[in-house]
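Comments concern the structure below.
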Amino acid sequence: MAPEIALLLASPLAGGIALALFGHRDRAAEVNIAFSLLTFVASAALVARVGAEGPLLAAGEQFFIDSLNVFLVALTAFVAMTTAVFSAPYMRIERDHGRVSPAGLRLYHSMYQLFSLAMLLVLTTNNLGVMWVAMEAATLTTVLLVALYRTHASLEAAWKYFILCGVGIAQALLGTILVYFAAEKILGAGVGSLLWTHLEAVKDQLEPTVMSIAFVFLLVGYGTKVGLVPLHNWLPDAHAEGPTPISAVLSGLLLNVALYALIRFKVITDGALERPFASALLMGFGLLSVVVATFFLSRQRDVKRMFAYSSIEHMGLITFAFGMGGPVASFAGLLHMTVHSLTKSAIFFAVGHAAQKAGTQVMADIRGLIRVNPTVGWGLMLGTVAILGMPPFGVFASEFLILTTAIALHPWAAPILLLSLGIAFAAIFGKVQPMVFGETNARQLSHPPALVPVFAHLAIVLALGLYMPPYLADWYRQAARLIG
Amino acid sequence: MISIPGLVAQFAVLALAVLLAPMLTGWVNQCRAWLQNRSGPGLLQPYRVLTKLFSKEVVLAHNASPLFRGAPYLIFGCLALASAIVPKIGTDLPLNAAADAIALVGLLALARLFTALAGMDVGTAFGTLGARREMLVGFLAEPALLMVLFTASLISGSTSLATIVEVLAHREFVIYPSMAFAGVAFTMVSLAENARIPVDNPATHLELTMIHEAMVLEYSGRHLALIEWAASLKLFVYSCIGLALFFPFGIAERGDWLGLLLALPVLGLKLAIGGFLLALIETLSAKMRIFRAPEFLATAFLLAVLAMLLHVLLEG
Amino acid sequence: MLQHYGPQLVNLFAAVLLLLSFSMLAQRRIISLINLYAAQGFVLFLSTALVAWLTGQTHLYGSAGLTLALKVIALPWILHRLIRRLNVKWDVETLINIPTTMLVGIVLVILAFNLALPISQLAGTVTRSTFGIALASVLLSFLMMITRSKAVPQVIGFLAMENGLFFAATGAVYGMPMVIEFGVALDVLVGALILGIFVFEIRERFDSVDTRHLEKLKER
Amino acid sequence: MESGPLQATLYAVAAWLLIGAAGLLRPRSLALASRALFPAGALVGLALAAFALQGVFAAPHSLVLPLGLPDLPFHARIDALSCFFLLLLGAVATGVSLFASGYLRAGEGTSPGLQCLYYHVFLASMALVMVADDAYFFMVAWETMALASFFLVTSDHKHAEIRRAGYLYLLIAHVGAIAILLCFGALQAGTGDYTFDNMRQLQPGPGVATAAFLLALVGFGAKAGIVPLHVWLPEAHPAAPSPVSALMSAVMLKTAVYGMLRVTLDLLGFPLWWWGAIALALGLVSALGGIVFAAVQTDMKRLLAYSSIENIGLIFAGFGLTLIFRAFGMSTLAALALTATLYHCLNHAFFKALLFLCTGSVLHATRERSLGKLGGLIHRMPWVAWCALIGSIASAGLPPLNGFVSEWLLLQAFLLTPGLPQTYLNMLVPVAAAVVALTAALSGYVMVKFYGVVFLGQPREAKLAEAHDAGTWERIGLAWLAAVCIILGLVPATVIGLLDPVTRALTGQGMASLAQGWLFLAPLQPERASYSPLLFFAVTALLVALTWLAVRVFYHGRSRRAAPWDCGFPRQNARMQDSAEGFGQPVRHVFEPFFRVEQHAPAPTDARPTYSEVHEDRLWYWLYLPVARGVDRLTGLVTFLQRGRISVYLTYSFATLLVLLLFVG
């Protein structure tokens, strides 16, 4: 068992348990940060090791780290940490406003840790069955957090989230069973047939029909969690009604993780089938998601809901990129995963404080943030500008690559995508601009907002748009090669 | 391309034009008087008016700006230069190279611009009214004039007035139907530009009708004299343009000194006829409402464009 | 001789399972729904045990025991307590009327069988033909979740779907590896508990467990 | 790293960025920005102009920066074309920055430091647009430019209409950027290599090439403000602080022209003749429409903005003519048309910047932008007034200033058109020339209105009495721009020598050989056409001087002041002067169909009669609102998917699953 992985998983587990006991104490937030930091350190060590030694199998092949998931691990750990930093003052303010009880805080903190544990498990495990279990666990942990405020809306959102994702994940299990069924023919019964590395090795011998049916189930299953249209319906509700830190990690991390699982299966399926079946499906769903989500945007009143739809849109874009395949598109997809999760979480941080200041999430009632609190205003403005794909932010870099590849490979799709992006721009910017600028109605907060994460994220995104360090680029390239 | 005798000749022509221009105005008024069965004031009347005005003192409005005082000199200078540019007697003059047809139009436009600005400077209702109407006339008349000149320059393949005249006057005689249209357009334009009936009436100060006079209402003394002089220069320039374009015969070619001697009386004769015709038109036609003026000028403009098209169609 | 009748028995169980799913689809009363669910679990337990015995896959005994513990005893008990606490014994009115639902269900069964055909041919197991039925029952419970408007029946449908999955696992392949079995079972258990909590919460807030009250969040 | 114009440009960009960043050190400090940073920025601009001047004659030089995407690092390249536009940028920026250092006020919208940041990022990004040599770098620079200018436009974001203007501006800019991206996509023709070098090598088929051209026309036209994508321009220019309006109008619109030239003449290589026809037609429509709308405006900055549309229209007309000539292989004429185009770019940059800065001073002196409330400022602020006079004459395209030169060249190009193998074009060209002439004449009208109403006459409001003239810094800036206007007008032959390498590079033919020495400007042969503004100016000046002297010597200089003649109506007051509406009224009559007029004329019985007149763009109702409504309706349809009922959602998933299964099975 590699110590890094052990630490990586042990730290959130311990954190979860510890905070389940003392999560309501005053310093719980700091403890939360500490554990997240520890996790991040572990992930950094893991990155270093994988960077040095290449792909890594651990604990009797139960864990497999290659360049594809290692950067997702790092990203997840990092965003989880920054979100913890952000949530410290945020949740205090929520408590002061009497929206959460101490018990609620305890639940929140412990579940936060367990959630990151689940995600890290999904990312690091080599066993597709364990991957499913962990994914389900991620759902279960977040369901309670979405319902944290115990209001009508939050309960409704949580209920929908649970039912839809539960049903979806059930389909994913069926898909996993089918994969196992196909693999068993070659690898024989037992855990071995569920290990991705083994499957990857024999993927061209797997039975095509079974694999295609399996992939359908997996797509519907994990696709629900990715938020692909028309399986997305839980997503805006859950984002809008949950506590903002949770919206941030849902948008920034969980969607990525689900997509990661889908990609793993896509690799095997494409290997098994000679025709580009999985790719075609991914492209189709990606395109649909982009277009539909775009049209939803302009009707939104609730700011978090709007950005949830924007997440659907971006996930669709990424899915489309992976569907196209090829070194450039996959590279772009991975890059877009990174910048999207950084930017979107940053936006949610800013939005969270903005909503606390204005005392509402209704955009029409949030005005002139830049006057009362420039950092929140600028955070929101720059984040929005970045997520809308304005240079020199990194989102533009990945979108540029995706779109140019689309123009080269599928010219029919490029105008659709660009048009959707244009409409999304009109919708989002038109709503955010008056929130940031103009006369204000916001109030002061009881705790100083922690906005370092916002600007840290945006700085990274900006840097990625202008300059990508060679090792990072190689890393993405290798990952892209794995995806094919 | 600038020689001493050339310069001398140029300034001689310039001086001649500037000095003789008022006489043309006098001649036109004389003809009008005759046509209206009046005994006119005589050819020299404009000169008397000018000397009178020059020796009078200037009365300036309280808020007249330096621009107001400087404008008359500028306008006069522009029109003097214009009168020097247009080929009247010979084509071999240095300034011909300095400014071509387009520049000529630009020069006239510059004069108009300053007239209008000066009209607005004092800030009475009349000044601005006049300026507005002047610019209204201008923005339709100027392109029309340009188009007329373009027709000619398309024929001669050049915008240099000298070349145009040489081509029209000294190549073998051809009938240009386009020039007929251009001629009509030009007549209409020059009527409008020189504040003549039917567009404007130089002889009235009735605020409903006047254009040019309304603008210069505030001028007095030497300033007014310069303005008046510039006006008669303008008439002279337009007549010369018309003659150069449509009746270029008798204008001397490069280095043809005999022709030069001959050209002067020919010019006088042509001007006399032209002035009489102008007076005739003015007597026969009635002043039109100011709102009709755009239609009148638009017609001229369209005729000019038509002339160009005709050239491309038939002669191109 | 059981070796000889065994496969037929398994098929019989499969048929019973399908029958139960259909009757759940048709059933209006919540209590009987729960009982049907328990019955389904029991059939599942029997078939798993049988398959285990037939094939000598020892770990299948484990999962059979798990099934018995969880799906026949634990969850039905939880659900019974739940509805007693909520006292929602009254009939469940469906969104689509029963006959239509049944018709749709039959179509689904046909689809599932057609789909399962190639897979069954591949399956080298004694239980080859059961996969189609498993798939069918999954789809049927999905349909049930759609047609029921109350929270508890939806929960039951969700659990029934999981039954179908489990049957697929035992039917097509001799069960997943034990780790996974446990994981899945754990997830189902936790899920059921959370659902229970939710149903209470919803009951408190909306003083009804009708999910048609949960339609506030939507696009206007 | 050897020092060439390219390196110099990059250094200048870096310097600007640093200056901008320095503004953040003490964002609230006015002194820092206005006394140190903006003058420094002006110096950088001057240096950039100098290097660009040297670079125009240097050979193309390219460079790969260690930035950008791993597979597509920033390629930078500098050639005559980019140097020309860099020269324009540097020279204008010098004047505007000098003016801005005097113009900045505390408490006007965003804090000085931030404005300094936006402003210099704006400058830097424009410079980068000129040197970018691959699609990614170009797009980054392009969008950064849009973004920086957006923040500048909305720097006084308290007012809702300013925010709206900024939104509209950024939106159209973004749509344009999308079109440009697609254009590059078409240009790389499936090779996946987005460097401009690759695009130069490729020879796309006519279909692809046409697509690329049209997309470029949309994209760059949106930035340039070509009809029908011009609606943002008259909104954004008045909203922005005057130095920014000046920069946008003078330089940013030119970057679009630069992009157009770069794509069509450099990357695409050989154009088709009807591309030129399209560009020509659009240009003429924009020119006429722009100037007609300018004539009826009542806000001085809107008026100037519309006049910018007019000038850009003229530029595009010249560009279209260039394409036509190029397509028919008449490289000399193409060079002539291109020279006219570039020359007009230069001229418009300077006189429009000058005019916008003048409006800025007026705005600060009077807090008033509406023409109906100004007047008589020539007495209060003579400096500004005289500079504005120069700008107005130049803008009216009158000799001997610079506006006339480019107009002259353009008309010459038109006159030489007959002889095209395409008869329809031959027919159209006279009409086109007529439109150009009409536009020029109308611009005279507009400038008389602008200058006369703002600076001449009597002050229409009492508060104008305490208007003050521009400060020292502002005067320097104005003087610089005015001086350049005059120089550009007086020595065109020299300037054309400067343009020679550009035309040579783009059309294979130069003009310098054809200019007769430094004194005479004769595009083809002297007997075809020649013009010598210097001589022209000298003689005019001489004549004026002589006249003045003569009058003084032979007569007297006596004069006295009196009240203006009232025609026997004693109660004349300032309100009786023509209002802006009044002055524009004839044009409105003549061009009635252009407008959608809303008039509120008082009834005869009104106690206190008020008159107001709103001229709206019909396009707004024909194009933009329908599109907006369409999108809105679509969104309405889509939201029907999200009805909140969970069983419906489950049905979606179920249906998806079934469909996919059927699709597989």
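Order of writing sets the labels: A, B, C and D. Residues in every chain begin at 1.
Assume a residue touches a chain if its C-beta (ideal position, glycine included) is under 8 Å from a C-beta of that chain, and two chains touch if they have at least 3 such contacts.
Being a predicted model, the structure only gives us computed values, none of them experimental.
When the partners of chain C are compared with those of chain D, the chains appearing in both lists are A. If you average the CA atoms of chain A and of chain C, the two centres end up 31 Å from each other. Separating the centre of chain B from that of chain C, both taken as means of CA atoms, is a distance of 102 Å.
Averaged C-alpha coordinates put the centre of chain A at 44 Å from the centre of chain D. Averaged Cα coordinates give chain B a centre that lies 35 Å from the centre of chain D.
In chain B, no residue reaches two or more other chains under the touch definition.
Residues of chain C found to touch two or more other chains are 115, 142, 145, 154, 211, 214-217, 219-220. In chain A, the residues touching two or more other chains are 159-160, 163, 167, 209, 213, 236, 296, 299. Applying the touch criterion to all chain pairs gives A-C, A-D, B-D, C-D. For chain A in complex with chain D, the touching residues are 159-160, 163-164, 167-168, 171, 209, 212-213, 216-217, 219-220, 224, 230-231, 233-234, 236, 281, 292, 295-299, 328, 370, 385, 390-392, 396-397, 400-401, 403-405, 407-408, 411, 414-415, 418-419, 421-423, 425-426, 429-430, 433-434, 437-439, 465-468, 470, 473, 476-477. Partner chain D is touched in their complex by these residues of chain C: 95, 108, 111, 114-115, 139, 142-143, 145-149, 154, 211-212, 214-220. Within the complex formed with chain D, the chain B residues making contact are 1, 54-55, 57-67, 73-74, 76-78, 80-81, 84, 95, 97-100, 102-103, 106-107, 109-110, 112-113, 116-117, 120-129, 131-133, 135-136, 138-140, 142-143, 146-147, 150, 153-154, 157-160, 162-163, 207, 217-218, 221-222, 226, 291, 294, 298, 301, 304-305, 308-309, 311-313, 316. Of all residues in chain A, those touching chain C in their complex are 127, 129-130, 132-133, 136-137, 140, 143-144, 147, 150-153, 155-160, 162-163, 166-167, 170, 173-174, 177-178, 180-181, 184-185, 189-191, 194, 207, 209-210, 213, 236-237, 240-241, 296, 299, 301. Remark: chain C residues 57, 115, 118-119, 122-124, 135, 138, 142, 145, 151, 154, 158, 161-162, 165, 168-169, 172-174, 176-177, 179-180, 183-184, 186-187, 190-191, 194-195, 198, 201-202, 205-206, 211, 214-217, 219-220 touch chain A in the complex.
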